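You will see two complexes here that share chain A, one where it goes with chain B and one where it goes with chain C.
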Partner chain A sequence: MVLDVSFMKETFGTLWTGVPVTLSLTFLSLVLAAPAAFYAAVLRLHGARWGAGAVRWYVSFVRGTPIILQILLLYSLLPSVLNALVQAAGLPINIFEAVDPFWYAVVVFTLNTIALLSEVFRSALLAIPSGQREAGLSIGLTEVQTYVHIIIPQALTVALPAICNITVNLVKGTSLAFLMTVKDVMAVGKVAAAYGYNYVEAYLDVFVLYLILCTVIQIGYSLLEHRFGRFRQQAA
Partner chain B sequence: MMETRAFDPAVIWQSLPALLSYLDVTLLVALASIVLGSLLGLVLAWAKLSGIRLLRYAAQAYTYGMRCTPSIVLLFLVFYGLPELARAAFHADINGWHRAIYAIITFLLLFGAYISEVFRAAYAAVPRGQYEAAVSIGLTPWQAFRTVLLPQAALIALPNFGNSSINLLKEGALAYTIGLIDLIGKGNLIIAQNYGAYGIEIYLACLLIYWGLVNLVEKGFALLEAQLGKGRTAAVAVTKPVRKRRWLAWCSTFHS
Partner chain C sequence: MLLDIKHVRKSFGGNEVLKDVNMEIKQGDVVVILGPSGSGKTTFLRCLNFLEHADGGELDFDELKIDLSSPSQKEVRSIRKRTAFVFQNYNLFANKTALENVTLGLTVGRGISREEARERGLAALRKVGLEDRADFYPSQLSGGQQQRVGIARAVAVQPEVILFDEPTSALDPELVGDVLQVMKKLAQEAGTTMIVVTHEMKFAREVASHVIFMADGVIVEEGSAEDIFTRPREERTRTFLQRILPEEYVDPAIRI
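Let's look at the complex of A and B:
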């Protein structure tokens, strides 16, 4: 087997055009999921029974099914639902042309990430002793202030390694967005592979690029962990 | 032009028998990958614990690489790359191989990497004294490993092994992308037979099957853990009862 090295070099360059799509898909999903996941975690811990139950079922469903099926379902469901809504409102918009599939991907990965993050937030919140909350309230902070200034900074430090894991898995997971015709790294690689039947070379390139992306993300998180964990070292 | 058609929940139930008849393919791929991947994981864990630095680094690099690889990329690499590799290395034509074999090779490579970390951590979690105690009562190192260390390590590894197995079962859903007719492959065939209709219903049916399956496997591992963990709870319980010790003390007063 002889690898076409010049093709690999060229393709590796073009693959980078997919990186902004992969990263923005990852970033948007995380940022959009975080508040909802936090709310779900609090609901699960302190909410009414039906709320906690609903969160548990949601998490069980998302974690108990392959993401590829979630993608296939939502990609057939979302455009039709949107189309029905738009037609009901009487708007002259063709949903199938007007909406970039990127946004369907954002919805899919956000819904998925909410479930995973809510579990991380839940265990992180459980790791903070209740004395921290009581201390915050006793010095006159409101419940919200206590959360913002006392509990969340500590919980975030606890949760950071797990969030790093979720981010890396999300970057890998977004490689399935090509099924929704999103032009991410995987999709660019797939096009390059099919063009000259250089499958092995193209996917080796894709493999290397994901290796780089994941490594950079993990280094970034370990720096962040160091920064967030400073208060621990000061206390010691 | 796409036509808006009413959602028909009855199709979900009607399609279940046809879909379930392909569940064995999905399960076979998952099971074969787990069994073979565990063997690879054992070898990798052994390499990671070995004294030879090169072996250790190689195993760690392999695990790291696999953890950064999207499963679909590996699946495509194996599916397109392996036949070329076989042709170049052995002049063998393996294009006729069943697609399940490519899927199994892919997922065993992934599972081996994930599970090697589980095995390594579990082995490291067994206290060193256990080995020393076993050897000091006259067991050979191999006997000590097999009868003392391995059962304990296996019990420690079990929850993570269950988690990894469930993850693999879900990853296995990708196999349809290389044309394997498994649960989802069959679902896509049904959708195609209906000219693209009933996609939502069929995918929902697949989701429900996977959800049920994953819950079943979870329950199975929880039961297994409870069953195998009996020895451990007994060991803890022995130190607890105070009455026995009192009784012993009472006995010893007799002797003196």
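Let's look at the complex of A and C:
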């Protein structure tokens, strides 16, 4: 078997058109999920009984089902529900044409990421000794000021490796968005592969591209960790 | 009277930790609270700063009268702004330098400008002999230095009372001296009003204007340092002192 090198080169170039989709899907899901996940973590730790219970249920619900099932279910459910709502409101919009499937993907991955991130935030918040919160209050800061200036910066540093993990998993996980006809890196690769039956070449290209993306992200996070973790250095 | 504390009660579960504790503190007093562990000393101190929520009691702070069992948010803040707390485990902010630890209560807590906070922060660090460590993070300081920063953090907000919760208990023995020295200076030179929970008998003897012996959630005995250490009236106080100071302490009853 001989690899079609010129096809590989050409396809590798085309694959990059999927990169913005993959990255924006990842980035949007993370950014949208973060505040909700933080709120969920605080609710789980300090909230009322029903709030903490609801978060626990949500997390185990998301963790206990395959993401491919969540994608298929929501992709079947969401457009129909939205359509029913639009119809009921009497708006002259065709939901099935008006909404790019990309946004359904954002919803699915955001909901998924909220569950994962909330657990990361929860353990990170637990890692910060409660004495520092008391110290903040004792010198006249409010609870919110104590969180903003003391607890959250430290918790974020603790959480960075786990957030990196979630980000990398998300980049790879968004490859399932092709099921929703989103044209991410994976989808572009599949189309290229099917076009001339060059499956091996196309998938090798996709393979390399994901490796590059994930490596860059990991390097970025380790720089961040170094930057924010300066206070953890020991005396020389 | 600066502080008048009346009928403080507190239970954890079914366990009554404080049973009607009363205390009066005048401006410039150094009150030292002694007692075996589990006697409620720390809980009492924490109730004064609302780090623990008392079940009952009243706190008169100058003109302010506060019901300890149901303080308003505003009352809690005003008390916390007029007092400061030094913790057994220092509890420095790990993500802040020594100077930032000291200035945070000024800039964020009280809206003082950065320059003025810096001045006051450096002055506070100078008082505890750590001006040259201003830019060090807590992880780069020894335990004794961390506790001195903890004291500077308390001093910087110019509180009317500083509450010390066993400030030297977590320190290596050779580092205790520096911290006590700083506290002694605060008491004798600056005339700071302090309530100190400690096991350092020498400090209590030399610095305290008033010594309180607590056991099982009540004040067993109180008086001047001289009274408590040389003429304790209560059996419990005597037993405690004998256990803590076996060499120095000779039971006066035996001596006579």
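As a convention for this text, the second predicted complex is superposed on the first by the 233 of 236 C-alpha atoms of A that agree within 3 Å, B and C clash if a C-alpha of one lies under 4 Å from a C-alpha of the other, contacts with A are read in each partner's own complex, and residues count from 1 in each chain.
FYI, contacts are C-beta pairs under 8 Å (C-beta built on N, C-alpha and C of every residue); 3 or more make two chains touch, one makes a residue touch a chain.
Note that this is a predicted model, so its numbers are computed, not measured.
For chain A, the partner touching the most residues, choosing from chain B and chain C, is B. Legend: residue contacts after superposition of the two complexes on their common chain; A:Phe231 is shown touching chain C, with no touch to chain B. By the touch criterion defined above, A:Leu73 lies against chain B but remains apart from chain C after alignment on the C-alpha atoms of chain A. In the superposition on chain A, contact of A:Gln154 is made with chain C only, not with chain B.
In the superposition on chain A, A:Ala34 contacts neither chain B nor chain C.
By the touch criterion defined above, A:Leu211 reaches chain B but does not reach chain C.
Once the two complexes are laid over each other on the shared chain, residue contacts for A:Ser138 go to chain C alone; chain B is not touched. Looking at the shared chain after the overlay, A:Gly64 reaches chain B, while chain C stays out of its contact range. In the three-chain superposition model, chain A touches chain B and chain C at no common residue.
Interface residues of chain C, counted against chain A in their complex, comprise 49-51, 77, 80-81, 83-85, 87, 89, 91-96, 104-105, 108-110, 136-141, 153-154, 157. Across the complex, chain B meets chain A through its residues 2, 4, 65, 67-74, 76-77, 80-81, 84-85, 87-89, 170-174, 177, 184, 199-200, 203-204, 206-207, 210-211, 214-215.
Partner chain C is touched in their complex by these residues of chain A: 129, 131-132, 134-142, 145, 149-150, 153-154, 157, 230-235. Only residues 1-2, 60-61, 63-70, 72-73, 76-77, 80, 83-84, 87, 96, 168, 172-173, 175-176, 186, 189, 193, 199-200, 203-204, 206-207, 210-211, 213-215 of chain A touch chain B when the two sit together in their complex.
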